[in-house]
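Shared between the two complexes below is chain A, which has chain B as its partner in the first and chain C in the second.
Let's look at the complex of A and B:
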């Protein structure tokens, strides 16, 4: 079965694609950090302009970027949605929900808007990073930045096998649906439980087979790697330019 | 002549007490292509896993004269290339290059040599140019080939294949058999695909319930219908043509 990978547009060619993964990673991190203390509208417009420019340079399809960002958005909303209820200040409206009286404040709404916009800008920058970098390259970059090898290995296995597992779940679901003739909710829950258990056991067994395959090729617990990434001149240009833009904007807006 | 494989009185019990192998005796000489045939659950894969020390039974297994022991494992695993049945297990890296380079990297070869070995291995299996592809996006036939390349990059002297043609359509299957025929090293092939056995191996070993039942020329064994029938390798009775 075919799945869309988070790096499905990493084969395009653009200035952003050609950058070293480490440059992109550090730039994204810097972007998020500079964005954190911001609270005025002009600044948000400026940073949106900045990230939009980079997205245009990267030639990612705009609709794809928009869809991706909306996909992650519910998670942000789920956390942020409670802010207006807890922030003290001038009350904008109050509601009776069953036994509780809850009120929303103007200050709270402002903070909510602030958090939501920031989160969206950060998500955009992460989409830019993940969609223009091959996952293997990103991991290589992270490794060279000093992230422990074990974590890199775990992430790499996760990315390699997640869709193998998804396929397995889809096959199990089909097998269930083709034999499912109704039954109560309790029975369906039991089936679901069995499926989860089966999936766990299968993954565990696959893990053992993969490990055997690693041993068979001389794996002795030491994670070795070959590729060394090299910064190019373009990384220096981009790094310096982007750094200066962030710095001056920071001075301007803080 | 030096024996590639020498197994004496090997028995193996699974952790749950279930017997996997019983009193196996086997000798394989350089250049032989030996098929290990038998029904599902006969212990074929278990036997293969003993040939590079992933499983170790109660008895003496010698590979190229080296006893399969902790101190010889690295040397043995360099000389023995084991290709697993499911390429999804064999190909665990994010790119084809990383997978093919995994063995040589663990052996500590230089960067230049690793790159040459990867290139050569991919050329052998006809997959030049696939270095940066992700294994998940390949077809099953392509995955099988890459899986073979991942052990060829160690230039093994003994190639062990577990059901190499399973899940392949006839065209990919025959292309793979042709590829295997061209590889010069000693080969052990576990299979219940008798077409593959016939095309590739001169010698066959029949394994059933963890025991070696017969060891002899492929021609003799494949023509002995009652033997095949007794060990689940041929239909019970002479089957009529499909109805209609």
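Let's look at the complex of A and C:
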């Protein structure tokens, strides 16, 4: 079945790919944190330049990055769409929607543009992180950064079974659609409820089987791996450079 | 309801991260004590289940559609702390892999959709069901109500975070968020009740997992 593969381009080779997942994670977090209080346009241009440079170094296909960043945009807009209507200020235009008279203000549009650009830049940085790092490596890095072991283990199981269950959902949906899904809204919800109930029971039983299979192979609550992360000299160089750039930009733009 | 980065101010996001980290650390300890190592593959698969279930859209009014969140269902079936853990993992994957919800804002998102939604869902269901007896219809009704409330109250928490960050005044954010999610919540409630009714009919023993 067709999936949008999670870490499709993590096998490429570039400076960014070779960095330690911990370095990349902390750098992304720092980028997002520095960006949060920013309000002026030059700053946005600067950070866009920064993230674009890194994206170019990473050799990710630009179209892929753009597509992925736009894919999530409807959700960003959904939460942002009512912002420009309610900021007091000079009115840019007013409309009648249904029964309400609403007006859009310049201040409101400015706030909207501000948060949407910030969100987009942060999404780009997260794409850079997730597309250049294998998910298993990222988890290993997070574990060493002190995220509880249970969470890491649950995440690594989740990562393995997402594909199986998404396939299952797709199959169920196709079965439903081919049997002429329709009728009233209540009926639709009922069908959905039955589908999810079935899916839950199947998942639960799968979880039990997986655990039994793991016990049979000697699982004792610890996952061991021969693969070790190592913090290399290049990580130190990158970390210091990136940190200095962020710090100086922060001083400049805050 | 996934808050992207840049929407909430740095102090709000920081507080969100600290609160979420504390709760998740406690949740990890609490479920570990209760279920032992057996929980790990189970919760991983169930987190994948919630993730997959969120892909099914249902129609709301006027051509829009919403999708299932699942915090209430997870909490009702597995207990509130396990619900928190599962939702945390779902949100982490959504953030890191699909960029749905921000990284710095992850704490706030975990707080809204993981912690608030799980606890509201669990205790409303529990309180209602134990107050009025364990009649089948009653359990389904309280499950639906719990799911509806979990969505609405999570959206109210989200509105407060946006308002404190100074993006929109509370007088606007609150009715807008709560209004939209009161609608979406109806679907969530109906589906949760339908799932519970299906599980009750086929494998009623699974409803007792968190009591064991």
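Simple rule for what comes next: the second predicted complex is superposed on the first by the 222 of 254 C-alpha atoms of A that agree within 3 Å, B and C clash if a C-alpha of one lies under 4 Å from a C-alpha of the other, contacts with A are read in each partner's own complex, and residues count from 1 in each chain.
As a convention for this text, a residue touches a chain if its C-beta (ideal position, glycine included) is under 8 Å from a C-beta of that chain, and two chains touch if they have at least 3 such contacts.
Please read these numbers as outputs of a predicted model, since none were measured by experiment.
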{"item": "Fit or clash between chain C and chain B when superposed on chain A", "value": "fit"}
{"item": "Touched partner set for A:206, first chain B, second chain C, both or neither", "value": "both"}
{"item": "Chain B versus chain C as contact partner of A:164, first or second or both or neither", "value": "both"}
{"item": "Chain A: partner with more touched residues, chain B or chain C", "value": "C"}
{"item": "Contacts of A:28 with chain B and chain C, given as first, second, both or neither", "value": "second"}
{"item": "Which superposed partner A:224 touches (first chain B, second chain C, both, neither)", "value": "first"}
{"item": "Which of chain B and chain C A:237 touches, first, second, both or neither", "value": "neither"}
{"item": "Contacts of A:156 with chain B and chain C, given as first, second, both or neither", "value": "both"}
{"item": "First (chain B), second (chain C), both or neither touched by A:216", "value": "first"}
{"item": "Partner chain in contact with A:136 - chain B first, chain C second, else both or neither", "value": "first"}
{"item": "Smallest separation in angstrom, by C-alpha atoms, between chain B and chain C in the superposition", "value": "8"}
{"item": "Touching both chain B and chain C, residues of chain A", "value": "135, 156-157, 159-161, 164, 206, 210, 214, 219-220"}
{"item": "Chain B contact footprint on chain A (complex, rising order)", "value": "5, 135-136, 139, 156-157, 159-161, 163-164, 206, 209-210, 212-220, 222, 224-226"}
{"item": "Partner chain A, residues of chain B touching it in the complex", "value": "49, 52, 54, 74, 77-78, 80-82, 84, 86, 88-90, 92-95, 98, 101-103, 105-107, 111, 114, 134-136, 150-151, 154"}
{"item": "Residues of chain C defined as touching chain A within the complex", "value": "1-7, 9-10, 13, 24-25, 28, 31-32, 37-49, 51-53, 55-56, 58-59, 68, 73, 77, 85-86, 88-90, 92-93, 95-100, 102-104, 167-169, 172-173, 176, 187, 190-199, 202-203, 206"}
{"item": "Chain C-facing residues of chain A, complex", "value": "6-7, 28-29, 32-33, 35-37, 68-69, 72, 75-76, 79-80, 82-83, 85-87, 111, 114-115, 117-119, 121-123, 126-127, 129-130, 135, 138, 148, 150-151, 153-162, 164-166, 168-169, 173, 185-186, 188-190, 192-201, 203-204, 206-208, 210-211, 214, 219-221"}
